[in-house]
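Structures follow.
Next come two complexes built around subunit A: one with subunit B, the other with subunit C.
Right after this comes the complex of A and B.
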């Protein structure tokens, strides 16, 4: 009986002393933190994708509360969410255009020809061995480094080609950094027409290795409402994202190699097997 | 220099398959109608082009000049007209700038410099300048400019000539040492003079006793030593060779000059001898064209810019369809996807491999058997590093000294799980160096 009593007394005493120490320490070394940070963190998507440039959602929330970043800096949160955060903090948030990623290549395994590749299934490793399996030096290697980097599963590898699904893409830019061929760019989501080719080589050289390369025939430039909508850079045409063409350009231009595509139709695979 | 060669740690013993071409004397390849000379043939900066389309050039004329110290000039392989400056298939699978020369058939010399016949009294600095002017690079495979190695920032007391040729299948250096033993020794003597040394050692693997014999016969003329080396891949790697012959270990991240050594390939030594004594720039090299699928494997002296397809034609074509084509040997060579790639200054071999020898392995998880650790000549831990790379922990890979890896491929060769260890290290090195460059820019 005494053993139980003694141990009870000692345990309670020890507990009381430790509680006193912890209590004092908590008061003395307390770190002031803004309770709003936690609230804002809860209002963010919580994907921790890093697309905003901060270490994660909590870090971004801290920056927003401190005024270093705008709520619209989160590429994932829809405009309504950013507005809600701005309202909570009592600030006015700027509207930011939604961006999506575009993989500027349309060369699938069936349209580009070369050698088999049996090494590490990663674009950044493959590019070090023999430039990868595809014939084009500039094309998508199709080994899914970008798809693995995407926190939102917005990139699909189809027939050896990375295809972005614009409705899933939030424009965080993670894929841009991992592509060893620098093929991926972030463009305004409102623009539908893109040139799915990134090879600066001459048309004849490109056609030798890929059936769907842009050969700079300028059909799309002539078909555009005004010539400024598509820009020629060497042997490659690009969409002018500052003055984008309307989606009907793709049909009007009738690109002979189908390098000019609508993002949604490209994602749905409607151009496969069209070019000969 | 120690007397007895010591065996370096690790290494492997692949079947050397040298018998296919070892007995075949070097044949001068016939003159072609067209040569496609790749502009960037050296490690370091690509040379600056001096010619344009339509220019008429003589054999040996300067096509491009060195752009900076770690860069070498490029010379015309034959006389003719520059018909195109365009891209062609490159040895790494990416197309590269090239100069196309359509031969006029006269093959007329227009060497940019005179022979230095009295090299024994010439200034070492002049000789070194000649090595640079002649565009000589490490012809064993790396393509590192020879004159840079001959300008050590630290005192050097040992010159080693690399005649190990430890890569399986390759016999180009073997034939060179056998047929041009005097030139090898002469080159060694000139290199020694440039470095201010009295002697040099030529290291040859013991599986080439005839080459050792031929060299030993003439070596005494210039006080050059010839030393047999234990047969062990990668005996011809610079650091392993220095350890074997001089008993010194090059520190991690260091260069041979850190331990007072300079290593040059025997083919580079012959190129040096030709440049100095005959006044010839580096426009040709001996290349082994070999492999079981070939009708007539052998060794040829090719001009720079000879397409691989021509080389295979000279070797009688193929009797069975090859499954893989490599530039260099089977251990460190580069797989090719085009027959239009042309012979460069560092193309030691063109190797065709039949389908039954190319296994399409799938990589399995590491079973921690430790064979890669045992065979690693650089004493790093391939298994551990490869796991770090798989998890994209390049910081960890750097800590485990992945940068010391010489990419000899011994670990990939012995791995029972067929793990692509060498490719992992290539990736890690590229990532670490890119990160360091980024850091420096900041």
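Right after this comes the complex of A and C.
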């Protein structure tokens, strides 16, 4: 009986003392934080992708509340959300255009291949072995380094080619950093027409290793409403993102290699098997 | 004394490694080992908590629990409350440390913060306190034992997370992908540590 009573008293006493210590400490060492930071964190997407340049959404929220960053600095939140945060904090936020990533390559396994590769399944490892297994030295290796880096699962590897789904992409730029071939660029989401080739080689050299390379035939430039809309860079044509062409250019130009594509149709796989 | 401490050190880190020989703390070992960066944070938190809790629990054991008191004419020994007291004390201690860290060392809190509550009631932490009582260690020896056990845990965790990062990029047969190949790797790693068994 004494033992039961003693252990009961001892355990309750221990619990009471510890509770007292923790309670006092929590009061004495309470950290004052701005309650607005938490509210702004809740308004943010919570993806913690780091696309804003801060370590996660909470860190970005702190910067926004302290005035070091603009609510529109979050590449993921739609404009309506940034406006809501700006309104909550009583500041004016400048608008920022939504960006999406584009992988500037259209060479799939079936259109371009040089050799088998059985090493570590990562583009950055494969590129160390004679630049990777693709016939084109500038092409997408399709080993999914970008797809793994993407926090939003917006990149699909299809037939050895990374394809960005523009409706899922938020333009955080994580894939841009990991691609060893520097193939991925962030472009305004409103532009639909892209040249899916990045090789600076001469047309004939490119065609030998890839059926869907841009051979700079200039058909698209001639078909464009304004000559400025497509720019020639060496043996490669590029969309002028400052003065973009309309989506109907793809049909009008009838690109002989199908390197000129619409982003949405490219993501849907509608160009597969059309190249000659 | 110095001889004894050397035995405890090598024994706790390599021979009787908490994860790979005693199979304590398997939950964080499998859960927080996907990335070396988080494994490092977890290791730091475990070293911190285990050292501190070994010190406090061994003091409590030595000066309260192992003593026999006279209460109302009966001899009372509270050793049987050991596990209960250890768990409560360790949990409160970690809570207290967390509060103090948050106030006085925000960078350290940022690095260890999310891992501290995870390991308050971890079996490795309780195991270190319990095993040093069973081995009859004094306060200093217990603290060293706790610290070295945590180092052993950290070693296993960091080795394993480095292996898992490599495994992510390897071509693993489909049925073995993910946790399955992780468990196989952990088993092989445990067999490697068996090689240390003759040291102490």
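Following the convention adopted for this analysis, the second predicted complex is superposed on the first by the 244 of 276 C-alpha atoms of A that agree within 3 Å, B and C clash if a C-alpha of one lies under 4 Å from a C-alpha of the other, contacts with A are read in each partner's own complex, and residues count from 1 in each chain.
FYI, a contact is a pair of C-beta atoms (placed from the backbone, for glycine too) under 8 Å apart; a residue touches a chain by one contact, two chains touch by 3 or more.
Predicted model only: the values in this text are computed from it and were never measured.
Look at A:272: by the touch rule set out above, it reaches neither subunit B nor subunit C. Once the two complexes are overlaid on the shared chain, A:2 sits against subunit C while remaining clear of subunit B.
When both complexes are overlaid on chain A, the residue A:201 reaches subunit B alone and has no touch with subunit C.
Within the superposed three-chain model, A:31 lies in touch with subunit C and out of touch with subunit B [touch as defined at top]. By the touch criterion defined above, A:22 lies against subunit C but remains apart from subunit B after alignment on the C-alpha atoms of chain A. Contacts of A:125 after superposition on the shared chain: both subunit B and subunit C are touched. Once chain A of one complex is fitted onto chain A of the other, the partner contacts of A:14 are limited to subunit C, with no touch recorded for subunit B. In the superposed pair of complexes, A:156 makes contact with neither subunit B nor subunit C.
On subunit A, the surface touched by subunit B in one complex and the surface touched by subunit C in the other have residues 118, 120, 122, 125 in common.
For subunit A in complex with subunit C, the residues that touch the partner chain are 2-3, 6-7, 10-11, 14-15, 18, 21-22, 25-26, 29-31, 118, 120-122, 125. Contacts from subunit C toward subunit A in the complex involve residues 69, 71-72, 74, 76, 78, 80-81, 84-85, 88-89, 92, 95-96, 99-100, 102-104, 169-171. Per the touch definition, subunit B reaches subunit A in the complex via residues 87, 92-95, 334-337, 360-361, 363, 420, 423-424, 426-427, 430-431. Of all residues in subunit A, those touching subunit B in their complex are 114-115, 118-120, 122, 124-125, 128-132, 135, 137, 201, 205.
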